[in-house]
Amino acid sequence: MTVVKSTIPESARQVTGDALQGTLVDLLGLSLIGKQAHWNIVGPRFRSIHLQLDELVSAARSFADTVAERSAALGIPADGRPETIASAFTLPGPKDGWVRDSDVVGLMVEALEAAIAKLRERIAATEEADPVTQDLLISITADLEKQRWMFDAENWPRDN
Amino acid sequence: MTVVKSTIPESARQVTGDALQGTLVDLLGLSLIGKQAHWNIVGPRFRSIHLQLDELVSAARSFADTVAERSAALGIPADGRPETIASAFTLPGPKDGWVRDSDVVGLMVEALEAAIAKLRERIAATEEADPVTQDLLISITADLEKQRWMFDAENWPRDN
Amino acid sequence: MTVVKSTIPESARQVTGDALQGTLVDLLGLSLIGKQAHWNIVGPRFRSIHLQLDELVSAARSFADTVAERSAALGIPADGRPETIASAFTLPGPKDGWVRDSDVVGLMVEALEAAIAKLRERIAATEEADPVTQDLLISITADLEKQRWMFDAENWPRDN
Amino acid sequence: MTVVKSTIPESARQVTGDALQGTLVDLLGLSLIGKQAHWNIVGPRFRSIHLQLDELVSAARSFADTVAERSAALGIPADGRPETIASAFTLPGPKDGWVRDSDVVGLMVEALEAAIAKLRERIAATEEADPVTQDLLISITADLEKQRWMFDAENWPRDN
Amino acid sequence: MTVVKSTIPESARQVTGDALQGTLVDLLGLSLIGKQAHWNIVGPRFRSIHLQLDELVSAARSFADTVAERSAALGIPADGRPETIASAFTLPGPKDGWVRDSDVVGLMVEALEAAIAKLRERIAATEEADPVTQDLLISITADLEKQRWMFDAENWPRDN
Amino acid sequence: MTVVKSTIPESARQVTGDALQGTLVDLLGLSLIGKQAHWNIVGPRFRSIHLQLDELVSAARSFADTVAERSAALGIPADGRPETIASAFTLPGPKDGWVRDSDVVGLMVEALEAAIAKLRERIAATEEADPVTQDLLISITADLEKQRWMFDAENWPRDN
Amino acid sequence: MTVVKSTIPESARQVTGDALQGTLVDLLGLSLIGKQAHWNIVGPRFRSIHLQLDELVSAARSFADTVAERSAALGIPADGRPETIASAFTLPGPKDGWVRDSDVVGLMVEALEAAIAKLRERIAATEEADPVTQDLLISITADLEKQRWMFDAENWPRDN
Amino acid sequence: MTVVKSTIPESARQVTGDALQGTLVDLLGLSLIGKQAHWNIVGPRFRSIHLQLDELVSAARSFADTVAERSAALGIPADGRPETIASAFTLPGPKDGWVRDSDVVGLMVEALEAAIAKLRERIAATEEADPVTQDLLISITADLEKQRWMFDAENWPRDN
Amino acid sequence: MTVVKSTIPESARQVTGDALQGTLVDLLGLSLIGKQAHWNIVGPRFRSIHLQLDELVSAARSFADTVAERSAALGIPADGRPETIASAFTLPGPKDGWVRDSDVVGLMVEALEAAIAKLRERIAATEEADPVTQDLLISITADLEKQRWMFDAENWPRDN
Amino acid sequence: MTVVKSTIPESARQVTGDALQGTLVDLLGLSLIGKQAHWNIVGPRFRSIHLQLDELVSAARSFADTVAERSAALGIPADGRPETIASAFTLPGPKDGWVRDSDVVGLMVEALEAAIAKLRERIAATEEADPVTQDLLISITADLEKQRWMFDAENWPRDN
Amino acid sequence: MTVVKSTIPESARQVTGDALQGTLVDLLGLSLIGKQAHWNIVGPRFRSIHLQLDELVSAARSFADTVAERSAALGIPADGRPETIASAFTLPGPKDGWVRDSDVVGLMVEALEAAIAKLRERIAATEEADPVTQDLLISITADLEKQRWMFDAENWPRDN
Amino acid sequence: MTVVKSTIPESARQVTGDALQGTLVDLLGLSLIGKQAHWNIVGPRFRSIHLQLDELVSAARSFADTVAERSAALGIPADGRPETIASAFTLPGPKDGWVRDSDVVGLMVEALEAAIAKLRERIAATEEADPVTQDLLISITADLEKQRWMFDAENWPRDN
């Protein structure tokens, strides 16, 4: 017996559910590695990037909530448990221990680029299946691209 | 070379660091399973518990930040990466998929009881080592015990 | 003589105007039946659903305003007069008098599902005619689908 | 079986219930025709009256809520469904389509005068039956009379 | 020697003073038993009623302050000391210890009904003596009747 | 030709208009002498009474606005011009120059008592003519009586 | 015996005191005639000017307070009693009764121009005597000139 | 059967429960006698102490809530019913009727001193039993000692 | 060497960059001519349109910021320097000096219509190239179309 | 025919008008180049200076509005159109494209120094003509000098 | 090498720098003795003056910040170190230990008078050197004169 | 005669008073040297550290107030006069004149480390004497240790 009914057909539900679940894992992962860097960053740019990382974490948490509730709204339970994130999250993240400020900046550019590339694939994939979900993925992409630019602008000259 | 110096002696630093790292994992884990239940709960008490879980998640996130920054303040980098949480988190949590409201309530009582028991051990352990950290752990315990009571009061009569 | 000029061609204006007028009636109707249930609900879940209905009414009123002003912006006067709503509103609504809490939940799931189905048709219909209007209908759908899920999650087990 | 008990005797309940139900219909009707004019008004005073109408709508909605909850508090379910408003609302309202600004002002003066006349009758009728309800009707009258004055002051010279 | 002068004649002062003192005791008593239930309620509706009781307590405290200051304004010192409340408060209240949620709801309906009945007598008694005080008692009655309805709507079906 | 129409009959309009115009003059006068004392008070209680007077001025200004707009709402233009206040205001007020704190307190008690006595007459006079206006006068009386008590409580022992 | 000492020499005190007292009367007078017009204005621009007048009244009241407290700070008690304003206020003001909107605009331009002309003389007069007071008068002039422009811009074409 | 489980051992629960229940009675009693004095104080310091007492009442109410919920969190239902306070509250309080300002100050110093002495005993008693509760009692003591100082500083010279 | 990397392919970057740069110029230009009209407007509708123009300016500035940061996020530096706006801005704007209110309204309708027409072309152009940018342009169009309607509704009858 | 009358003599009006128009151009120009740098800055200090520039832009926009309205208040229409700024703005500004963080800092120091030098000349020039305008220019100078210091402090050691 | 450049000539810089440094020491000193009195005041006016002193401290701290940043803006580093204040601060201040309320009032009048006298000299001294700084000193004087009046009004009759 | 009574025994009062007075001097000293560095810092990290120092100053001022009021609450007048701070403050602080950003960071780490070391001794010293004071010192230590970490993290690599 179906617990929560979906408002879209079964095939569309499958594609959309995969896109949402993958995005959820990326966003929860970003929020965890963003906090990790927020706590362990060292170097002369400590305060500036410490604050910037909190804006990224805050956005990632808020988007994760919207994505998981969108999934539920389509009748698909979301999965954001610790073990799921640990096994499904594939973006680069910080090592254990203190991290130098310039390394944090480079790392966040890489992680965001990887997340954006996957989001752009999911935008294409959901166009037919569910324009409502596609619209949500577009908003997330816009915000993450803006955040990526800010870290990248800070990342120059690259050999710094 | 030490990156961030500690303000307490080495032996105290070891005990305190362990207490803080263990607490960080429990709090981050609670925030993840709290959200998981927030999204996937079903049943007539959906709305009431859906909201209550968000208060727990919000408290857990805020305490996790304070705990990790306390650790850094003592010269010990905190570890809240996905893989660390997945391997170190031992509290009970929800299965994948939809969960009935009364099961969520029972589960949160259990998870909070386990977290509190470990916190009370750490309160004892840090008394000598660092009264500042002990004071922080006492505040967290007070709040989690209040939240546990609220779920437990809702959990009655237990065979409901 | 044209009173307010349109910024889109005549044919597109017709399709878009129909979609907006139909949506306006559904939203104003939802706001009226939502308040009706808000006042007359009885049963042990009174307070929780009484509050939830006000969130639905508030969203419906705000969307109705945006929809009618979009219509005016396209040079089409909107029609939200009492007699128009009474004759054009076809979603299921509560009977006169007190209504039991579980019946209210079931009723809102039905009414929202009917409204969403019509919105999805209008999303398809306006894609060519006016992407700006389509974008607005997508936002409304996203919100009503989230609200439908919340009532549906509460609606379980269904024979309750 | 009585669902919600009343705190006043049966005869008083009848008189009071009629006064409240009549007032509810007038207020919900005013809120709908106020919005209709808000959307469709044209002319040089567009912005000024567009904003003024929203204040009227906001007051009417808020009073409607208080009136319906007062009715429920007396054990009488209120009726604000679309079909009820359409059949019971007798105040003058705008035609379909664009309306000139000076016509809107004249129309609102008329509609408010009619509503006030009926409210003054209900104030007299409820004095014995329920002073609490009378007090509420007095407040509504005070506010609608202030709003009527503002439209009437704007309505001068009348042949404008 | 009179400490604070009254602005109304002696006979009116007596009647009004009694009405205000009686109301003060009922409101302070309601605030205490409301908190008692807020702390000790158990059962599946814990959270919803726990919050609702705080709204009642907050209203009762605020009204008690207005009533006592109205009494002082008429030259009559109010009496809200613990021993006065304990001996003069006659509304039903909770027993010591945990109380089941449905019992709390029934109890609050009873206590509010008793308070309202006494207020309605005082409204009649003060009409001649002091319309300013009568107006205040009418406002309090309106609010308590609304709160009573909300508990009563929740109290159905009664054998729940 | 009538400029703004009244919603009550001519005879009632006369009585109500007189009551409102007299109240307006008293309130504007109170706001002016309250500020005069606020600026020129001296003595050890300066700060406490300086602040208390501003609360009185703020209330008097706000009530004056409501009273004048009620008058306009009944089709009677209000008159609050400097020359009108100077000739019609009969309450006691401060002399020119510095005023001792205890004298200010005594003066405000007297001025408020005089204003309240006139308001109580107007409450009686408007009962038949216009219950809406009567209700407004009752609210003003309640507030001025509270303020009078506060100054009177401070005025004790009187020979201080 | 001096009550409040001055921080500037006697001759400067005289000039400055006159400038402040004259300004106080003009500002209190403006606040009274501004309200008079606010209540009694009629015509198609009623609402727009009704609101604009309240901004003028609010500024005039706030400046009057600053001016009177500046006077007190220099050891000169200010005089803002009704009889003082009535005899010393010489700016043009509205007649009794309803006033047409275009007449209100013209009147406020005149009254503000007269006030500004007197302020500019006082700015010159206080330059030597007390630059602190001069600075305050400059701020008031800047604001009144801005308000005059807004009424004057509205006053065009003048024969309107 | 245990309704709400405790997270501390039985013996600790007993000691802690007694400390919390005794503190609850003192705080609720303080809030009632604080309000009593707030309403009935007379004398030249009326306004200053009237406001100060409200800060004490507000703190006492907020601490009472925290204390009672801490008790519930330990599985011990709190008892704050009128009859319990009346019989268990032993701090000095005001007589019936008006009270002179200097007497109020002296009385509050005495009442707070008595409350603080009992709190310091409970801080010692709970050190072993429950450091979480001890921490709460320490916070309450810190605040009441600050409030006591403020009344005591005002109480000087004592024969005033 | 690339300074800020793009997340979309080169060809798409070119089309999107052109659309964003053109939109930036139009929005910055609108903000400047909106302010110009805000300062220099004269006539009976001065205040109403003076305020309305500030809402347009505020929206234009905020959208300009979002558009320029979107451009940067795609690796394309935006160009909003004075000389660029002066040479690239082609929308109609006000002449130097005072402008009559009805002329301002007509002018803003024209300027907004021209801006909207260009935005609709850019919406079509970016559909393939970058749906994230397209989504942003759709939001801007929706808002400018609403603002255009408001000026146009005010522009009737046109020969006014 | 004069549209808006001036409150100062013709000769003073000329000098003051020139000072205000020159300042308006500098402030609007600063707001545009400040935003240009805000968008296009790159380098390790990106975030810190990106935020600092927005404070400068916000101040410049707000001062520009005050300056233009002061000009209008003196009967002189201000000119802030794109072509006027482009031809009259002579301060140094960024080139097209990305700009390194240290170059942005140096550039803003230069631009602010040039603006301040011109403001100091205008302060001298307006002393006789209009002290109200002089006072406004002094405030603007104070703020720009503070902002210049902040960029200059950041600009050290200069060869960085 | 100059670290931060000045925008005024060397001679003006010297005069202005001395005026600012002297003012900084007085303001920091006032903030410290204001707090000292805030903590140690005793007597029946404790609460009223305790609060008033905090307003003085808050103003002094805020002005000190503005003065020091103005100094930096002129290229002159400010000096507010403990040893500098201790040696350069010459205003009268409280002795160690408790201070009676009336003594505090007299002391603050004296300290403020001394500070104002020195500020008036600095206003004269900076007129030529830097009108921006003069303007700042004028604002500070205006505020301190207002605060001095308030303490002085409270200081009467002086032998109290 | 004792002015303000203590609530703890004489011996405990001595130890606690010394701990509080020493802490007060350190906190007031930190607030002064923090501001000194806030004003005089130069270098590329100016803005970031300028803001960070204000957070330290704000915390130090707030803790100083709590510490001094705690002392008063124990019957011990606090001493925060300029000469006391100058003679008793022993933490390292900035020289006169401009200070390079990296030197400021190093200096604050040193000053905070010295303050923390003394606080940890006082935490031990007050454990027996007054657990309420100990709790306050623990909170202050927690915050200063967090601030020290933030400066230390920024201080790396140390030879920077």
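As written, the chain order gives the labels A, B, C, D, E, F, G, H, I, J, K and L, with residue 1 at the start of each chain.
Basically, a residue touches a chain if its C-beta (ideal position, glycine included) is under 8 Å from a C-beta of that chain, and two chains touch if they have at least 3 such contacts.
This is a predicted model, so every value here is computed, not measured.
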I-J or F-H, whichever has more C-beta pairs in contact: I-J
Relative orientation of copies chain B and chain L, as a Cα rotation angle in degrees, nearest 5: 120
Chain C-chain D separation of Cα centroids, rounded to whole Å: 23
Distance from chain H to chain C - Cα centre to Cα centre, in angstrom: 53
Rounded Å distance between chain E and chain G, as computed from the means of their C-alpha atoms: 50
Intercentroid distance (Cα basis), chain J paired with chain H, Å: 59
Junction residues of chain L, two or more chains touched: 3-4, 42, 45, 48, 69, 72, 135, 153, 156
Pairs of chains satisfying the touch condition: A-B, A-C, A-I, A-J, A-L, B-C, B-E, B-H, B-L, C-D, C-E, C-I, D-E, D-F, D-G, D-I, E-F, E-H, F-G, F-H, F-K, G-I, G-J, G-K, H-K, H-L, I-J, J-K, J-L, K-L
In the complex, chain D residues that touch chain I: 41-48, 50
Chain H residues within the chain K interface of the complex: 45, 48-49, 51-52, 102, 150, 153-154, 156-157, 160
Residue ranges of chain J touching chain G (in the complex, touch as defined): 3-5, 7-8, 69-70, 72-75, 131-132, 135-136
Residue ranges of chain F in contact with chain E within the complex: 113, 116-117, 120, 123, 134-135, 138-139, 141-142, 145-146, 148-149, 152-153, 156
Chain A contact footprint on chain B (complex, rising order): 3-4, 28-29, 32-33, 35-36, 39-40, 42, 61, 64-65, 68-69, 71-72, 77-87, 89, 93-94, 96-98
